[in-house]
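Below, subunit A partners subunit B and then partners subunit C, in two separate complexes.
Right, the complex of A and B next:
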């Protein structure tokens, strides 16, 4: 039983790592721009397809492919900001609808470019750290966990220690007051969109060798990310990280000890309870609720 | 084809593949009766299956196979209906495995395209199309006889008796590896997964293999299978059964079994694109993997009892057009259904659905791809609209799928039918339990 608990804990850590990356990106975009980006799952998908193209098809090194994926998806995010979210800044519903339309466009483009079938991504490494007979941590999963920790720590440092980070936080707290202080709303929106999209892209790129890469893979990720950011409090980065970890642990343990369908029900029940007891989410403020 | 070949790079394998495929095409044209047909004599066949989305692996490869079948038939003079040669044309509609889209697609194919027969994957999409079938009397086929009921009089399952044939794999395993005593199973919680769970439970019980745990069901939206696999192998089972999981699940589950150190037997209904699983795990890990769908380059398919025409040449053409690693469980199945439909239409002298159906079922037997078979199913589905006979047991050996044996599904059912009905009823999968 101890070994089963330990292996499940390691599984949960991995699930928490990529869930947190996706959820934090989604929160950042909402926090600064006030837009619910429904196409966030497709940005995750684009990151995975960058791995298919650069790593699997062109045989370039995996880390190069991850960097390309992260940058490419960040640039796509910049394009979304300029094309959809900026013109619709005063119309949050318009931004949401535009993002839904864009997710369909992205799915169609990827289907046309790569086909609809699952893509094969060769394993980066098959090495496994054998802790005991029944507790094993694949090296690649460990790498994903460490990469997520490094990226989230870097984001935290960026937000807390740099002028751009302060500007982002100021815009998220009160856009009008930030603008009065000379902070460019357009620039902070661009930065937030680039970082948010890049985080989704890098999550897709990191996990691509471990999951089924197909044009519709963003769907399940976005559902989980929405549960996480609603429970954590829309707009709260800390809430997104903490709830991503907690949700991943609950879901993974329930899947292991009951089954995956019950785990989904438990996740949605958590969402329901939080919405009833604290509609702003566990770490959210009333301003953005 | 040649433009694509040179664009992608002319390799020895590609050149050889193309050579074999061209030889196959030439052989097909030579073997099949050649008649001239007027350009305006075209019979349209609907292909209503998932071409995109997670279930596309059981739709798109089938359409690809049908296009080869159509090219070969047309090259050989078409289908002789009532003394006149007709070219065959496939009209595809992507239902995305969505019942609403299946209904829209069925209506469109009948009203706008004028098709005479519609092939479906079935499952969750059949309830969408059924009202259209009831209203129009159109002949439909499904790969999933669990769609059949006494009300589905124009629905046939002439190729695949999913999931009943899965019993042959378990029976073979028990006969050849009697040391395997315990099993676990996982499945997605949907219309494909659940009847298959019931079938495997019956097969394991009939074989005297004990289930260590209840089947572990997971949400079809699952992407990370580490927790599922951790749970599955926690009791050191001799056999891990992957039920009828989609390719999108079989691949990551196998990878997780490999990474979490499982060294036992794996059995699955399908192993689509298994070369990719071998690449993600190892040849050693995949050695002995049992499933139910052969590659059609298998020499065992050249047996005189096999009714699928020129299977090796068909496989070569498929590999040449789409790549050998794109061959999947359904690549040949819809084409095999077309063989039966063509024979029925030619015998009936008509392409009208009721006439073809009557001709196909004449005498209560039919030439299934894997041998002569019976129209069967009243006991289990409430209607004898499934063509059931032998089914192959396929084992991966040296990284390649190999047919080990053909076994009779009716013979198994004659011995263990009550067990199957018991488990089907427990999962609400008998025809009178389905809503």
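Right, the complex of A and C next:
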């Protein structure tokens, strides 16, 4: 029993790592631009397909493929900002609807380019750290967890220590006051969108060798991300990380002891309960809602 | 007096065209016409929901509730199909009533996300519980509408034409009811709740009760359209009512514009014709999601009031010209 718990805990930690990357990106975009990016799951999907193309098809090193995926998805994010989030800045619902339209476009383009069938990504490494008879941690999963920690730590350092980070946080708190201080709203929006999209892309790229890559894989990702950011409090980065970890544990344990669909239902019920009881989320401040 | 005669003539003319229409079409076009008729009810009911200012992402799932309920009632309990369709609509309305308690504590995009989550829960329940919902494969071999004869026309529901006439009658009556609701004091209050919710509340209007009413009514009609769909295609599964279908409904509604009753219907008809004639004939059918996505973005960006704003623009231009002509005649 202890071993089963330990193994499930390790699985949960891995799920928490990429969930946190996706959710933090979504929160960053919402914080600076005030819009929910419904296509965020599809950015994750694009990151995974970057691995399919660069690593599996062209046989380039895996780390190169991850870097390509991250940059490419970040650039797609810049394109989204310029094409519809910027013109619809005063119309958050319009931005959301436009991102739903963009989600369809990305799914259709990937289906046309790669086909709708599941893609097989060859494993990067098959080494396993054997902790005990029944508790095993594949090295690749450990690498994903460490990569997520490093990325989140550097994002934190960027936001708290650099001038760009200050500008970003200032425009998230009060766009008008930030603009009066000479901070370019367009520039902070671009930075937020690039980082947010790149985080989703890198999450997809990191997990691609371990999951089934297909054009519709973004759906479950965005559902999870919504649960995390709403429960955590829309706009709270710390909340998103904490809830991503907590939610990954709940979801993994419910999946292990019941089944995956029940775990999804539990998560969505959790989302509804939080929306009813405390719409600002567990870690959100009241004035931002 | 004069205008009511012309509008009556227009309605009769439209009715004659709609009755004659299937006979000018091929078999596969007749099938598309049935889907189009059902979709008109979906978008019109969606507009009823948006009258109070809330946009739901769960409408297609609610439509599915009507479809599942009607399919199960007729298949498992042997309920007569027309009755099971009505009961499907009632079930959808009841589910919406239950959902309204959590959902109407939210507004704006919290409502949007909440309705999305609620819809996903319902779809996951269909997927998880093989008994009675059939799991991921859904329900197959749903009882067809029984044939009947009304003297002047014998309905044979293996023919799309017959089903089209049935759907046309059901959708026509539903649209008429929705139109009457919107013109009634209740409908005017829906508008007030949307545009002046604080003022409406201060004037003693129970804003939440009216939001709930609009949601429940719209969901009932959505459920009816789902039931119509289920007994026509004979197979439904959780993916028949997924986000992609919701995007189609959103696109029709937004492209048409929600300011008038006919806006979303116009959007649905125009885009379906575009889809079936242009895309299918040109062999681009599988690009439909791509093109719908593109149209959705472009219309949010450049035509936020929808197609109906173009029609209204043309009408007001014509009226202005008429007025001008009248004025010059008067001065002469």
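One rule holds for everything that comes next: the second predicted complex is superposed on the first by the 287 of 289 C-alpha atoms of A that agree within 3 Å, B and C clash if a C-alpha of one lies under 4 Å from a C-alpha of the other, contacts with A are read in each partner's own complex, and residues count from 1 in each chain.
Everything that follows uses one rule, which is that a residue touches a chain if its C-beta (ideal position, glycine included) is under 8 Å from a C-beta of that chain, and two chains touch if they have at least 3 such contacts.
What you see is a predicted model, and the numbers here were worked out from it, not measured in a lab.
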Fit-or-clash call for subunit B and subunit C when the two complexes are aligned on subunit A: clash
Which of subunit B and subunit C A:14 touches, first, second, both or neither: first
Touched partner set for A:71, first subunit B, second subunit C, both or neither: neither
Partner chain(s) touched by A:93 [first = subunit B, second = subunit C, both, neither]: second
Which of subunit B and subunit C A:103 touches, first, second, both or neither: second
First, second, both or neither for A:275, with subunit B first and subunit C second: second
Subunit B versus subunit C as contact partner of A:261, first or second or both or neither: both
Contacts of A:173 with subunit B and subunit C, given as first, second, both or neither: neither
Partner chain(s) touched by A:223 [first = subunit B, second = subunit C, both, neither]: both
Steric overlap of subunit B with subunit C in the superposed model, located at which of 5-13, 41-49, 131-139 or 383-391: 131-139
Residues of subunit A that lie at the interface with subunit B and also at the interface with subunit C: 111, 219, 223, 259, 261, 264
Sites on subunit C touched by subunit A in the complex: 55, 102, 105-106, 108-110, 112-114, 116-118, 120-121, 124-125, 127-128, 243-244, 247, 250-251, 254, 286-287, 289-290, 292-297, 300-301, 304
Residue numbers on subunit A that touch subunit C, as the complex places them: 36, 83-84, 87-88, 91-94, 96-98, 100-105, 107-109, 111-112, 219, 223, 226-227, 230, 259, 261-262, 264-265, 268-269, 271-272, 275-276, 279, 289
In the complex, subunit B residues that touch subunit A: 51-54, 56-57, 60, 189, 216-219, 221-224, 226-228, 230-231, 234, 247-249, 251-252, 255, 258-261, 273, 276, 279-282, 325-326
Contacting residues of subunit A [partner subunit B, same complex]: 4, 7-8, 11-12, 14-15, 111, 116-118, 120, 122-123, 126, 128, 130, 133-134, 136, 138, 141, 207, 210-212, 214-217, 219-221, 223, 251-253, 255-257, 259-261, 263-264
